[in-house]
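Pasting the structures in now, so scroll down.
Consider the two complexes below, in which chain A is the common component and chain B and chain C are the respective partners.
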Partner chain A sequence: MLTVLFDGIAYGMLLFVLSAGLAVTLGVMNFVNLAHGAFAMAGGYVAVLLINRLGVPFFAALPLVFVATAAIGGVLERTLYVRVYAKSHLEQVLFTIGLVFMAVAAVDYTVGSGQVFLELPEMLKGQFHVLGAGIGKYRLAIIVLCGLITVALQYALARTRFGSRLRAAVDNPTVARGLGINVGRVFAVTFAVGSGLAGLGGALGAEIVGLDPVFPLKYMIYFLIVVTVGGTSSMTAPFAAAILLGLGDVAGKYYVPQLGAFVIYTMMIAVLIWRPQGLFARGATR
Partner chain B sequence: MRSRAFAIGLAGLALSAAAMSTVRAEEVVKIGLILPMTGQQATTGKQIAAAARLYMQLNGAVVAGKRIELIIKDDATVPDTTRRLAQELIVNDKVSFLAGFGITPSALAVAPLATQAKVPEIVMAAGTSIITEKSPFVVRTSFTLAQSSVIMADWAAKTGLKKAVTIVSDYGPGYDAEAAFKERFVRAGGQVVASLRVPLQAPDFAPFLQRAHDAAPDTIFVFVPSGQGAALIRQFVERGLDKAGIRLVSTGDVMDDDQLNGMGDAILGSISAHMYSAAHPSAVNKAFVAAFEQANHFRPNFMAVGGYDGMHLIYEALKKTKGSTDGAALIAAMKGMTWESPRGPISIDPDTRDIVQNIYVRKVERVNGELYNIEFETFPAVKDPVKAARM
Partner chain C sequence: MSTPLTAEIAHHLAARARWRPAEIAFWLIALASVIALPGWHLLLTQVAILGLFALSLDLILGFAGIISLGHAAFFGFGAYVAGILAARGLVAEPMLALVISGVAAALLGWATSFLVLRGSDLTRLMVTLGLALVLYEIANRLVWLTGGADGLSGFAMAPVLGWFDFDIAGHVGYAYSLAVTFVLFLLARRLIFSPFGLSLRSLKENALRAAAIGIPPRRRLVAIYAVAAGYAGVAGALLAQTTQFASLATLDFERSADVLLALIIGGAGYLYGGLIGAVAFKLMQEWISGVTPQYWGFWLGLVLVLIVLVGRAPLQYVRAFLPRSHLASAALRSGRG
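Moving on to the complex of A and B:
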């Protein structure tokens, strides 16, 4: 029981790190980025390259993965995405889904269709036994890392100048521009950071949810569920939603294995019927 | 006058060209090999394609005066695509054989087409018992899950294991494996305390393994299709199940030769029951493995041997019908055929068109620095138990 709780929280926090970037682009920039999963996959494969092929130690590779994916996100944002900001949501969907297919095919062609595994450091393999429950070392590390990232995100949003510029640009971009805030640059940096987080999540998640070329298509639905259930008005709501969904998914697969995969969808439907704007939403920002 | 002569000459030229092309078409026999070259079961496709090409390389491309042409198509592990590709191969390419079929749903989807077009369907990979019953044109050279599962249950009961949890993938072969194991194990006096089914697509084994662990069995019986074994073993080790004194027994699909080396020392001593191990100690197998590894730089697994024997079946059937591609004649030629395969002696059961083969119980050991399934017990000429029970 304790193990299920623990596993659920680990999975939930992983989902949060993966979805945080999407919550920002969708909620803050009002841009439907279905290619978010492709950045996560890119991060996963960069991690495989660094750790398995080049022998970079696990913890040193993680910041590199973040930077690499953020750079990819930044470049794509400036060259491709910026042309689609002003278009309708349908066109954004078509554009980003096209990117996903290209990413999936490119990875399939270069690396092959099989699932890839990261070589974990010895200290992260196995489990402790606490209070009769098995606590996986890797999942514990995930909880700690994702917790730190969440705190850092919240701090950046609430306490830094950049955070206040971002919140201003979200609340009213016209007035923000009038006050001299470079809204375009703020969004570009936010997009890059969101993509970097997705990449980091992809690398961390390779051990838990598996990494293969169709990852963006398989897990896109989970990221969208987190963002939808959480609402897009703050950081805390997607966090709560992710934890709830992680717990629900793991507990569902454990206690009701026949329905296991459907628990997460049932929860989404139930929450949205009760609170259509998301868990903690105060109403739409745009 | 001149234009008429010209027209006659042109007509003559066209006629002779048409005659020549039909003559050439008679000399080519096409095999439509539909495999999952991408997608979840991509390793199956890779192995079977390599084995089929190796067979043609070693035995030549001409049989009974006909030139064999192999057309490989990728169905990406999607049965709808398999059906469409089979249709195109029959109608456009006019194949005389359909072969491959990486998963049961793909083989089942094509069975009605095989019946309608009277084209033999050679199942080289899929493992559910009922496939051969879906069309009189289906012949199988792979295996059935029931064959391995009953042997595994017998062995587990004999070793004194009493309490089992079964974990299988949630599709045809999984149900076969679960039912066969349960029936035999319970009959031998054991108890199956839980039967868990993991999704076929994108499975997350962690909660199911946790559940199995909490049921406190002395053995866990597992079946997942070729290619998913590595992920399962990683989770098995991470959950500490190997240290909890739980014996892992499985069908050989989990202890896949293709992935064995990547699984690490945690699986040393694991027991499985299957029809092929790359370490099978026969001269035929040693030659096969050597030739395969030289051509491909990876080890053959049980899927490869299914493909290799499927090609052998096609070649021998054509020799028996003296090159005739009549579907019914080819099927009649295939029934009852026996030969020495790299896996051991095999035959095609004339009543069911299914494969009859030895099943070996193996243990994972390290040989020359690599992990292999070493056979230590042989059960000869095992027929598919599901169909045998009904006869």
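Moving on to the complex of A and C:
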């Protein structure tokens, strides 16, 4: 029971780090980015390359993964995404599905279609027992890391100058521009950070959720659930949704394995019917 | 009841609904392919089925403005209904099984329309996607009924009309699929040019004003959604019957994405987009997967990205040969949602 709770929380926090970037692009900038998982996959493969091939230590590789995927995200945002912001949802969907298909095939071509695994450092392997619950060391590390990232994100959004610029740019881009805020650059930086976080999540999650070329398609629905179920009023809403989703998924697979992912999808549809604006939305958004 | 005004409107509608030479030519070419291209019938069957499926998506996307990421739900549902009917020996006659599959899918569409037609674009994307995933999971789990991951296979279909047996080269299968597609196309055409179709278009252009002149938005959308679901179900049933196989792949996300791409290539909102798009899509798929079978997805993705970035301007000349007037401008707009 405690083990399920623990694993669920670890999984949920992982999902949050994976989807935090999407919460901003989709929820806040109102851009339907179905290709978000591709950045997570990129991060996972960069991590595999760094750690397995080049022998970079695990904890040194993580910042590199973040920087690499943030760079990819930033470049793509400036070159491609920026042209699609103003288009309709249908075109955004087509565009980002196209990107997903390209990423899937490109990874398949360069790395191969098999599942790859990350070599974990010795100190993160195995588990220990607390109050009869098995605690995986790696999952504990994930909870600590993702917790730190969450706190840092919340701090950056609520307390820093960049955070207030972002909130201003989101609330009213026109007025923000009038105040001298470079809205385009704020969005670009946000997109890059979001991509970097997704990449970090992909690297951390490679051990837990697996990593193969169809990753972006397989987990697309999960990211979307976190964002739509959470609603987008603040960072805490997607966080709560991610934890709920993680707990629901792990518990569902543990107690009623014959139902599989059914539990999650039904949960999502029920929530969307009950509260189309998201579980934690404060009244009408846009 | 027949005032001068209603007479004039009826006259206008009739004039708009008149068959144009290019349309007749289109169907004559399709008919000719039955006789002239016997070696291509297996591929052409796929084209006809995808065309019908894309037509079904066009009904909701092009004419009602609903974006669906899970249209394969109805396609797969129809395929499984037809497969189960045949595999259990309940209904061996293909035409009857087709009708049952279509009606079953339409009922599913009617039932789920109440979930889909709420909320914004984004909620609709999520709910359609989610419903398709739920159906996929159900089909995956109900092994005793659907065969699970192995799919349903090894069922034999009775001859069409009790006369024409399905052959290995797919001649009967193609003629059958094309005939069904044509009949359903005629129905869709009739529907779109009817006052009902007109009310749909007004809803898409301005739902508020349409409601103000007495068109009930919800009822119209529910109706067209159910009809489109039925069409998709028939397309799925056709696939199951002609290949004598129903698998999880019929419910896959990629099928929903493929049909969206086929429709977008052809252009939404003028009825022929799905059919033309299906021809282009299948030819492209055949050609590219002949060159790089495994990485066809890359080029598919590239086409999608380019369509959005560059636009469909190069394809506009195709439309010059097809029904004009309001439809062409509606098609252009629907490209932008």
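Following the convention adopted for this analysis, the second predicted complex is superposed on the first by the 282 of 286 C-alpha atoms of A that agree within 3 Å, B and C clash if a C-alpha of one lies under 4 Å from a C-alpha of the other, contacts with A are read in each partner's own complex, and residues count from 1 in each chain.
As a working rule, a contact is a pair of C-beta atoms (placed from the backbone, for glycine too) under 8 Å apart; a residue touches a chain by one contact, two chains touch by 3 or more.
Note that the coordinates shown come from a computational prediction; the quantities given were computed from them, not determined experimentally.
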{"item": "First, second, both or neither for A:108, with chain B first and chain C second", "value": "both"}
{"item": "First (chain B), second (chain C), both or neither touched by A:136", "value": "first"}
{"item": "Contacts of A:57 with chain B and chain C, given as first, second, both or neither", "value": "neither"}
{"item": "Touching partner for A:261 - first (chain B), second (chain C), both, neither", "value": "both"}
{"item": "First, second, both or neither for A:224, with chain B first and chain C second", "value": "second"}
{"item": "Partner touching more residues of chain A, whether chain B or chain C", "value": "C"}
{"item": "Chain B and chain C footprints on chain A, overlapping residues", "value": "108, 258, 260-261"}
{"item": "Footprint of chain C on chain A - complex, ascending", "value": "26, 32, 80, 83-84, 87-95, 97-106, 108-109, 217, 221, 224-225, 228, 258-262, 265-266, 268-269, 272-273, 276-277"}
{"item": "Contact set on chain A toward chain B in their complex", "value": "3-4, 7, 108, 112-115, 117, 125-127, 134, 136, 138, 207-210, 212, 214, 218, 250, 253-254, 257-258, 260-261"}
{"item": "Touching residues on chain C, where the partner in the complex is chain A", "value": "61, 67, 69, 115, 118-123, 125-127, 129-131, 133-134, 137-138, 140-141, 253-254, 257, 260-261, 264, 294-298, 300-305, 307-309, 335-337"}
{"item": "Footprint of chain A on chain B - complex, ascending", "value": "38-40, 42-43, 196-197, 199, 202, 204, 206-208, 210-211, 213, 227, 230-231, 234, 237-240, 262"}
